[in-house]
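Following are the structures in question.
Next come two complexes built around chain A: one with chain B, the other with chain C.
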Partner chain A sequence: MSNIPILKERESQIFRKGKKPFDMTCGKHSLAGSVSQRACVFCGSRVVLYPIADALHLIHGPIGCAAYTWDIRGALSSGPELHRLSFSTDLREKDVIFGGEKKLHHALIELIHQYAPKAAFVYSTCIVGIIGDDVESVCRAVGEKTGIPVLPVHSEGFKGTKKDGYKAACEAMFSLVGKGDIADISPKSINILGEFNIGGEAWMIKSYYQRMGIEIVSVMTGDGRVNDIRRSHGAALNVVQCSGSMTHLAEKMKEVYGIPYIRVSYFGLEDTSQALYDVAAHFTDDPEILESAKELVRGEIQAIYAELQQIKQKVRGKKAAIYVGGAFKAFSLIKALRYLGIKVVLAGSQTGMQEDYQTLKEMCDEDTIILDDANSLELSKYVLEKKADLFIGGVKERPIAYKLGVGFCDHNHERKIPLAGYQGMLNFAREVFRTVSSPVWQFTPKYLSSTNSHHKHPPGPPSRGEFKGKLFQMRLP
Partner chain B sequence: MLLRHTTKDIKERSALTVNPAKTCQPIGAMYASLGIQGCLPHSHGSQGCYAYHRSALTRHYKEPVIAATSAFTEGASVFGGQANLLQAIDNIFTVYNPDVIAVHTTCLSETIGDDIPQIINKAKADGKIPDGKYVIHANTPSYVGSHITGFSSMTKAMVDYFSSSNGQRQKTINLIPGYVEPSDMAEIKRIAGEMGISSLMFPDTSRVLNGPMTGHYRMFPAGGSTIKDLESTGNSLGTIAMGRTASLAAARALDAKCKVPYEMIDLPIGLHATDIFVDSLRKMAGVNVPESLSLERGQLLDVIADMQQYFYGKRVALVGDPDQVLALTKFLVSIDMCPVYLVTGSAAGKKYQKALEEATNDVPHEVRIKVGGDMFLLHQWIKNQTVDLLIGNTYVKYIAKDEDIPFVRYGFPIFDRIGHSYFPSVGYRGGLRLVEKILDAILDRKDRDSTDINFELVL
Partner chain C sequence: MKSQIKQTSSKEYTATKNACKLCAPLGASLVFKGIAGAVPLLHGSQGCSTYIRRYLISHYKEPIDIACSNFAEDTAIFGGGANLKIALQNIHRQYFPSLVGIATTCLSETIGDDVPMFIREYASSHPDESTAPLVHVSTPSYQGTHMQGFHNAVLATVKTIAVTGKFSNIGHVNIFPGMVSPADLRYLKEILIDFNLPFMMLPDYSRTLDGSLWPEYQLIPEGGTTVEMIRCSAGAAGSLEFGRILSREKQSAGKWLNETHQVDCHHLGLPIGIRETDRFFQALEVLSGRPTPEKYQEERGRLIDSYVDSHKHVMSAKVAVYGEEDLVVAMAAFFSEIGILPVICASGDRSGYLKEELARVFPDDVDQSIRVMDNADFVDIESTVQDAKPDLIVGNSKGYAMSRRLGIPMVRIGFPIHDRVDASRRLHLGYRGTQQLFDRIANKLIEYRQLSSTVGYTYM
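Right, the complex of A and B next:
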């Protein structure tokens, strides 16, 4: 096959199963000049902490960082809505020259006075890291003055990837843990970590555990409350979803408070049931928990089974491409899609680790494309090459899929219905069915790429950037 | 009550912006860059910036939005971003092969002090910029100005880098449309075309961010100002620049560089502003106004006359970008509505403030104006005395819901409706669309609130 004329450095981040021994690079910083789909440290911290609804979230930086993250993730709250407002120190040129500490101090005092939040998170942005504001000491001073925890989040955008932002968020949250009264917490209790209550998912998951007789001490961070986090060290077990974002906190709580943790996923029947059983298995001294789990699983599956079977008939044999933030989500998606009879032909993630990709490779069929930190051209190339019927991704992938005439499911911030748990699986199946069977696709010029496309266009030089099949061919044995 | 935390009593805030009505420079520069054909916008900063800008523009346009990044690391932040930008330029031309890379800076690279022209020259010297390809730049530190400033600077960069004059004046007229939607840009061009005028528009995002579905993903869609067009702007008869904050800088630069005189007008929003636009075109090109445009004008006028009773005296709150707020305020006043609360997120100077004051001189209410304010303040004003209609971007929906006020979406961003990409709000037809939207909002409310007894069929 022809040489890759370009971005040789990306070669090792793309893998085609079945062609060569597995050796994939990941966890790399994106190449300068790439049109990657990734974000920054601040973004990671912001998405993790933002659902804590009774805390103040103040973004210390120029206005953009606050504007772009103002209520963009549908993390629902059953009570306060303070997290849905956008607070920014709106740093200007003179602050950059003379420092923004004073402004930050004023802003914090003013806001805490006005809203009486239970805690305040102060996010550092790129510029704060460069001008060297001592955010830590401002936070300490304001904390002492106001009597609430004021927590610096070290989320300067350039200091790593989104993952480092998760870590910074975990550090900030960890400083709350251990501060609340745990006297009345049941020994049969858990914290739910890495669940953000998009579309009300946390409520659903909480109810499963409660029905099993387990007390939920805190959800971090969906519909989150500061006081719950402060008492979270009283739980017997940490149940961690979306492992990328919260494992660090679970590790710290294990280290300091001796709380064990397990990794789970609530996506798909198999993983959700496994999660409930795994938690039940932790509380062996109460066999009733396992019994109620079994009963719950039976009942829940029974309630949706018939419709799921109907949908399966209709979507069987379709092909899906998935591109998600963390690789862990990809595993669940592959299983859930397989359950529906849908084959995954492309699987990628923004931030997967070596072992994640190893697992992906083992799960996937022959010839599946596996991508780390992909760009839009690569995504569109493989979607077309693999003749996918469905794309599952986030905000930036949606219009690409639609331009290609391919159905789309948002499995990220912009999903509007819960996709977790049993009802979530049914919702997901319905959404997949709806989008792949939408009548709009019969009118769209689908799969005209490569050879056919040339007949449809007037002759002439190929347009810039339009994928013509050559640019990205891989060197394959 | 999503905004239950908004209080009625207003305190002076010096250190704090709550619920912003603006965003930072780079996204404006990115949007302007997308209006050059075959251009890849490049964000010289850390990875988050461009991810946010792309997501925001994608949510607003429902279109793929491309851009590249220098992907700053801690190292780059200490030692400067030159190596990153050089590598980026090399990678971009090799892989994505655009005609132009339009580099904009960020707070990070500005504070570090990267000298972009010097880096571009080095790339040139190192042979990293292929023949016939270009790298242009605008300085867009996020802590200065707003998205409008960024748009303005990148538009000016198009002049700085491309416009040239060969001494032969063409009959062409340059149109600088300002920070408006692709649909507006198309409409402005159409009006000029309708008058038989050959025009060059920059930037031009029509058919870039409102393209058709083709079954292909094209990184560089068909639309956009071409390099050739940008170069020949220096030979045009004159320039019509629309919206002072977004377009004046480029118009001035073109005058200084190539002696192309310019006329600075408001955005052609509504009847009178469109009259001024059409008249400027007429005089500059020495043509007559065709019957077809008179017809459009007459239709807009007809609708306003037909429905005047519903406009009369309605109190309106308006929040948005300075050029839009000014033009829209004048339009609202001209149809007998009362714009009483006016907020721009971006600062725009004392003269601008004065222009708004003059425009609302005859409004028979106390008019509150804040240039460089935020939505929190607007909401506080409304809590003190309510209005009959709200006009602003998607974020205004929180206020509309909490206070139960009819709401017309207008401006950037609009994340929750479509239409702005396809239907203009400029020109006579755009005026008609605005009037329709305003009437729909007001009359739907009237119907909703009417009792059975006074619920009327014919309005």
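Right, the complex of A and C next:
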């Protein structure tokens, strides 16, 4: 596959473990003309705020930015579902010339009247940054008129990367924090940050902590509510998942309200258990919390252990490529895959930082390819070169994997299955199994060429999965 | 911001809620995906191209590379010229394209980038042969929807590439099918081949967006109309251009070829239903000088046979149909043949011609029993549907939420179809496509009655 040229400027963003000393360039703006898998500032803000289900999300700009983000994520709500609607000021030529403030003002008033949200987020997209609308003052005016918080989100797409979007979202959310009544909040309480309730994940995690005797003040932002966020400064600890998206808010809450925070991951048995223990460790004055955590971990693992072992037998020895948004997720995935006996041959992220890549490097085996902000060409080049059986990434990577005859698991916000916590690990293992053990791969060019034959009856795939033994023996040679 | 400001409707100051349209560069990118060896390049910031790619990928389920000139903050202040040139350079080095289709986003339009000038500068500083033809289409979304982006890209491509006096030696025709499915494109090609009629179809993403697996990664998927064929379009024996709304617009590829190169243009509706498809086949008979091959006469015969066999299942059914204006008009024409009343005809487009074109098909019903909505969004449509209580909803996936809420069954057509597996394989055009639509609609109505009946007969 050396026929795929790698742009010279990109070479410093690709690293092969075991070769030259490690110095990865990252946090760089994507190269003009390459097909980056990255998005924009707005995308970052939208991802973070999206699951707040009783807030209005109005996207100020031309229609595209809103249309492409309408109901695309699996973030569930137990009540209102305002987040699943897509509102746009849908700017027209006239607005671009004369400014969109008036339209924004009217649209906000109309929408707040019609949908009675608890707060409104107003996302600025690229051209708002150019035509110079004073979004801030429109928001203030509408806020005064309607009596709800109307919060500008400075998310003009070109003013940075997705990470800046996370930050803008955190800033907007922070202006809600500290506004609610915290009188009746238990001292043994936490906020869950960076958990978006994809497929109900936040509900599972919440229940773990509740069973440990800990009160959840707010989840930011999975199944999120404006009022919970307003009270979130009453919690004793912030538990932050995923390195990138909400650390900024945790930092601010630490600075202003003195709330400490810890970073955790809920992906994989090891990391989930570690998260629960770390939180328990914070509440040392109540040893019962740690005890119930231990008991919970034991019980949860016991419930899934047998099936996990079975699956392990069937998938071990496979090779996986990982390409995800944040590097933190990659760490957990590597551990979880390793638990299943799967080797990671390629690991990359859209927005990792220098120290993340350092950690990645330390975790990975020799000769693993590490990529920052990769494009389709590079991804496919290495997936083929490393003969991966499985690709883990987001929607944009799926067709690349499939075209090359490589299995794929969605690990992004658009999936609908919960992959967090213990049950999530089981779901993940099942999905990996269903992917790598499907008999369809026997018809793919990759498989045919690796068995090095063009005969008419290719042998069955290595594992027949559930039918092991039975169906396989019945096959004609 | 070159063109005249179009008048806006009374919705001037309201928000768009759940848009029933997409933005212009999406349509343009799709056109460039239908040209062999072409790379679409969005001139603007990263997000737009990533969102558009993801949206297209979820429908076509194929890798879709759309490059971007990746504006940063300083680019937005100092202009995108330098970025565009670097982007073009990188695309040439990495993809070896045979054409680069440059569509602008709202951002580069708003800052007033002079893209034609950038292109001239690039071309003159890269005079070598490996430099691909560069097509520029202006696609600010505040001026039009994905449909305008699509048609404008077809027009821009022909304008840039067609060469005077260049003839294919085979007496071919041009066909501009509009935004239809890969299966539709394949079927159109089959028909043209059966008529023995050489053709230049623009765009043709029937293989690039619906292909088989790859033994090796392909820089650009195989398939698509060749640049060489597009060059010859000015010397064609005639053009076929689908879309009654498009035929009303001032500009189109077919019109331009006619005005500039005297290539006759047959303006046709999207060939859905017997009558519109008959017109298409008549045009093919004229252009080819041959009768319609028996195969298609048989398809037509079977379609009419099924109309008759099943007319009671569909007669008097009320349907809400939405989507691109030309699709809505074509569907309405088809409905008029089988006794279905499209009580709601809605589109996010706003050409201003929707009502008139519908009135041609349903002269007595428009404004009486048919509500025509342009510039509409799904919140408008849903409240109208709730009021009109149709038996069936027909349109793209994005109407599913309302179908579910209101308990009205739905048949998916057009773009996008994100919640079914066969978007690329759905056929809409010609006798064969109409047959599929008719069967699906009739079956859906029957299924619904069966489900809601207390008896549930298995024999009709």
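Keep in mind that, in the parts below, the second predicted complex is superposed on the first by the 440 of 477 C-alpha atoms of A that agree within 3 Å, B and C clash if a C-alpha of one lies under 4 Å from a C-alpha of the other, contacts with A are read in each partner's own complex, and residues count from 1 in each chain.
By definition in this document, a contact is a pair of C-beta atoms (placed from the backbone, for glycine too) under 8 Å apart; a residue touches a chain by one contact, two chains touch by 3 or more.
Predicted model, so just to flag it, every value in this text is computed and none were measured.
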| item | value |
| --- | --- |
| Joint occupancy of chain A by chain B and chain C, clash or fit | clash |
| First, second, both or neither for A:437, with chain B first and chain C second | neither |
| First, second, both or neither for A:82, with chain B first and chain C second | first |
| Touching partner for A:146 - first (chain B), second (chain C), both, neither | neither |
| Contacts of A:43 with chain B and chain C, given as first, second, both or neither | both |
| Chain B versus chain C as contact partner of A:227, first or second or both or neither | neither |
| First, second, both or neither for A:68, with chain B first and chain C second | both |
| Doubly contacted residues of chain A, that is, touched by chain B and again by chain C | 5, 7, 29-43, 61-70, 84-93, 95-96, 102-103, 106-107, 110-111, 126-127, 129-131, 157-160, 376-377, 380, 395-396, 398-400, 402-405, 444-446, 449 |
| List of chain A residues in touch with chain C within their complex | 1, 3-5, 7, 29-43, 58, 61-71, 84-97, 102-103, 106-108, 110-111, 126-127, 129-131, 157-160, 376-377, 380-381, 384, 395-396, 398-400, 402-405, 444-446, 449 |
| Parts of chain C lying in touch with chain A, wherever the complex brings them together | 1, 3, 5-6, 8, 12-19, 21-23, 25-26, 41, 44-55, 57-58, 61-73, 75-76, 83-84, 86-91, 93-94, 105-107, 110-111, 140-143, 145, 213-217, 219, 379, 398, 401 |
| Chain A-facing residues of chain B, complex | 1-5, 7, 11, 13-20, 22-27, 38, 40, 42, 45-49, 51-56, 58-59, 62-74, 76-77, 84-85, 87-92, 94-99, 106-108, 111-112, 141-144, 146, 213-220, 222, 376, 395, 398 |
| Touching residues on chain A, where the partner in the complex is chain B | 5-7, 29-43, 61-70, 72, 81-82, 84-93, 95-96, 102-107, 110-111, 114-115, 125-127, 129-131, 157-161, 376-377, 380, 395-396, 398-400, 402-405, 444-449, 453, 463-467, 471 |
